[in-house]
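Alright, structures below, take your time with them.
Two complexes come next, and they have one chain in common, chain A, joined by chain B in the first and chain C in the second.
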Partner chain A sequence: MEVKSKPEVSSQPNKKQNSVERPDGRKADETRPIVAEVGIIPNADGSAKFAFGGTVAIAAVYGPKKMHPQHKQNPSKGVLRCDYSMMSFSVKDRIRPGPSRRSMEISKITEWALQPAIDLEAYPNMVVDVHINILQADASTRCAGINAAAMALAHAGIPMKDMVTSVSIGKLDKELVVDVNKAEEDWEEGEGATDIAMSFTSAGELTHMQLDGHITTEQLKEAVKLGQKAVKEIYEIQKQALKTGKKIETGGKKK
Partner chain B sequence: MTEERKNKDDGQATGSPTSSKQSNDSSTREIVIPGEVIGEGDLLPGEGTEKRDGKIVAVRYGLKESDSKLIKVIPLSGVYQPRRGNIVIGKVEMLTFNGWVIDIGIGENAFLSVAEVPRYVNKNDLGEVMDLGDMAVAKIWGINARGIDLSLKSRGLGKIEEGMIVEINPSKVPRVIGKEGSMISMIKEETDCQITVGHNGFVWIKGDEIENELLAKKAIEFIARKSFVSGLTDEVKKFFEEEKK
Partner chain C sequence: MITPEINKERVMKYLQEGKRFDGRKLEEFRELTIETGISKNAEGSAKVKLGNTEVYVGVKMAVGEPYPDSPDKGNLMVTAEFLPLSSDRFESGPPQFPSIELGRVTDRVLRESHFIEFEKLCIKKGEKVWTVFVDIYTINDDGNLLDAAGIGAVAALKSAKIPFYDGKEGKIDYEKESKEKLPLSKDIPLSLTAYKMGDKIIMDPTREEEDISDARVTLGIKSGVVSSMQKGLNDKINVEDLGKIFDLLEEKSKEIVLKIEKSLK
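== the complex of A and B ==
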């Protein structure tokens, strides 16, 4: 879950100074094993699955279709509508199903992250529905959701200027790491954890960024650079999944 | 990387079991994704592509096809884009005082005016000719800001009285019809059915026997499923041979 506990300034002496060891032994710029696949939902016009280790997201795209309710129609261009939700069994404590403050925020954020890349000029009065479900959550769910949604949109044949790829950059104590998991999100040593979710087009343009915690301007710039580097790898996986229509897996054993 | 990465060069999509056959033409029929640079230099951007800083970029997911000069992307999925002259199959959604509003499976509704029906219509009772829920084969004769105008003034158009409707993805329609109608005439021959394929993805099958209609339906669904396979006509021939055993 991405709802953060306040970073605590720990009074305990720092065991590992400057370099933090990640709980699952990854390198700082290493993502969790990724799984990507398109066409997993035969009923949908386009669909995709994307997983970062223990975080698994599926996305289904329907449309462009007629917008209902009618007063939400836009006569100049089509509308993108995202719906993010976590399955009640996606985490250990059951999540109450249905919209919550958090899921509504992430739905909106996903819309904004994808909006610059898609082109719905040709579909006035219509809507493209994107349904994102988190089957399993181990932090960075919105990033996995955006990655799955971008693949599903492409798979559905929606005109797109570019793909969108998302990754979360974390700051554990003072160190920047790629693709935060739950254990790292709850990091409490030193300066605590900062979680920055960001999305890029394949051209490297930023479409979305959210920051949770404390960070200096210099380090934020560094984080964006690190994110740009990390999404290149993830983009290749999305690309392969779309091109081959097969399940693409990276890394070793899935955690 | 895993084995899947090696299959990159096959460039084929979901569920195509005969990748060996396709390796010859993979250079011209590669699957591309939005934002991918698919050509550079002195080329003309066709459908589904865009020119950005002298490079041709795909804006849709589909098969890349390039002639000597023109480069375009044939979509593999997506909703129907209406064009003038297309034959469509739709359902009557509303009756107005001077015509019918017909749902052809896209966001906009299409309008069929009484004047475009080549028979006598009692204006006080349009339902006599076509009522709510009836289906019709029509032609698009105009697209404007208000919507799409339909016409029944042509051969083979009109209300559908019997038979069955099969729905497929509109992007698969060209494969069902085949080169110069070769595929569809083969299905007609094999099943003894009358078949009308709407460009919007609805297919109307009418036969004397229900078994024949079902066989035609099965064949069309088979084609829609295997639309990526090259040499599809032979596959369909094989399909019929097996079905007829």
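== the complex of A and C ==
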């Protein structure tokens, strides 16, 4: 009774210190176990698989090859063309096969995310096709897709100035976390969930960012910094998979 | 295409001697591997590899209205997507004939063999029944997608569990784990294809071989009984050869069924 006013005073600093409990018990800056592997599709010029826990993306690169239809050719340099789609059974409620508004937008932002890192100057009138499919979805599928696509491009030997690495930063109530899963995407307590997907070149520059939720610009700056830090670790895994040609898995013991 | 035509002479010369480029006998299959449970949000799923050919098959289920002519039976829908990811020949856009045919041939193999016990998939007669979706995706095309897809469909269905349907809410509750298996016949059906090349019959062609084959015959067989068939491609087949193909497919089906059952155990 007499402590009525106490919580009000102490609640602010307390909230800041006490991190929210992530549904799968991860630390705030911890990604889910990552799987990275190249060369999974023999027909393709380059291919890769990238998984953040239960989110599994596969990507294949074909090209550079002649661009059809002809009117889409660019006589000054080659064109990067991405397409992202989810398998019908990758989510709980079946998705009808074929393109959707969502998949078409993600295809385009994937293109934008990768474009600054690749150099197609030497391939006028040609196209490099990147096909991304989501085998299993547990949120952050576009990030896993971009990571797989960047690895597949490198695996195909496409000239690259940089690698591209993507990660989602979440805000659960007030707390920032790395690599959002479905349970976190649906977070309802406190301020709810904010989902921020972002991609960086290995030089640390931003090539893609999308946000759903609500956040102050101050905290958004923090989120970007957290993202920058997270992609550094993920980049090392991509690099290792490309260099060794072996399947790289992290954090096997932890969930 | 020009390249296949040039290759054809060499391939045919080999076949006359009973040989193939990869060292197999004419009727010999490539190594078959099956892995189930490859996608956790699917009710059932499987990855099938035949040499370098690879397909993923997923099973999803939904509750809907039955068709008027089968008010107490569940429904089946089979689709096939030839992903551009799996071959530079496949392009995005509306489905092309090969993917439509693959879906339809696989649909008939499953449906006509009565593999799925649709009468057990009725929730309320005339109102609510389960629809079983079987979706086939190509991952790497190196020929004989027809047989790989059929095997994948069977394996995915064998691994499938019916989700929990909340009758009161009128929707599926994925939070509740269901252990109820999809009702299937004990014996499994199989889709097997024989390819005619000149006067030779081969099975499980690579992409190169399939490109230059003249005709093909696909049988859906379950416990020695044929319940679906498709003769494909332009060339004719004489009746004697056809008889040989039937015998070959029946014999081969026993061998492949054993392999599938073994790997699904």
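Basically, the second predicted complex is superposed on the first by the 234 of 255 C-alpha atoms of A that agree within 3 Å, B and C clash if a C-alpha of one lies under 4 Å from a C-alpha of the other, contacts with A are read in each partner's own complex, and residues count from 1 in each chain.
By definition in this document, contacts are C-beta pairs under 8 Å (C-beta built on N, C-alpha and C of every residue); 3 or more make two chains touch, one makes a residue touch a chain.
Just so we're clear, the structure is a prediction, and the values are computed from it rather than from any experiment.
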{"item": "First, second, both or neither for A:Pro23, with chain B first and chain C second", "value": "neither"}
{"item": "Partner chain(s) touched by A:Val91 [first = chain B, second = chain C, both, neither]", "value": "second"}
{"item": "Which of chain B and chain C A:Asn43 touches, first, second, both or neither", "value": "second"}
{"item": "Chain B versus chain C as contact partner of A:Lys65, first or second or both or neither", "value": "both"}
{"item": "Contacts of A:Asp162 with chain B and chain C, given as first, second, both or neither", "value": "first"}
{"item": "Partner chain in contact with A:Thr244 - chain B first, chain C second, else both or neither", "value": "first"}
{"item": "First, second, both or neither for A:Gln136, with chain B first and chain C second", "value": "second"}
{"item": "Contact breadth on chain A, by residue count: chain C or chain B", "value": "B"}
{"item": "On chain A, positions contacted by chain B and by chain C", "value": "65"}
{"item": "Complex interface listing, chain C residues touching chain A", "value": "38-43, 45, 52, 54, 56, 58-60, 62, 79, 81, 83-88, 92, 133, 135, 137, 139-142, 172, 174"}
{"item": "Residues of chain B that touch chain A when the two form their complex", "value": "1-2, 4-5, 7-8, 10-16, 30-36, 48, 50, 59-62, 75-79, 81, 106-108, 171"}
{"item": "Contact footprint of chain B on chain A as seen in their complex", "value": "38-39, 45-46, 63-67, 117, 119, 122-126, 154-163, 201-203, 238-240, 242-250"}
{"item": "Of chain A, residues touching chain C in the complex", "value": "41-44, 47, 54, 56, 58-60, 62, 65, 83, 87-94, 97, 99, 129, 131-133, 135-137"}
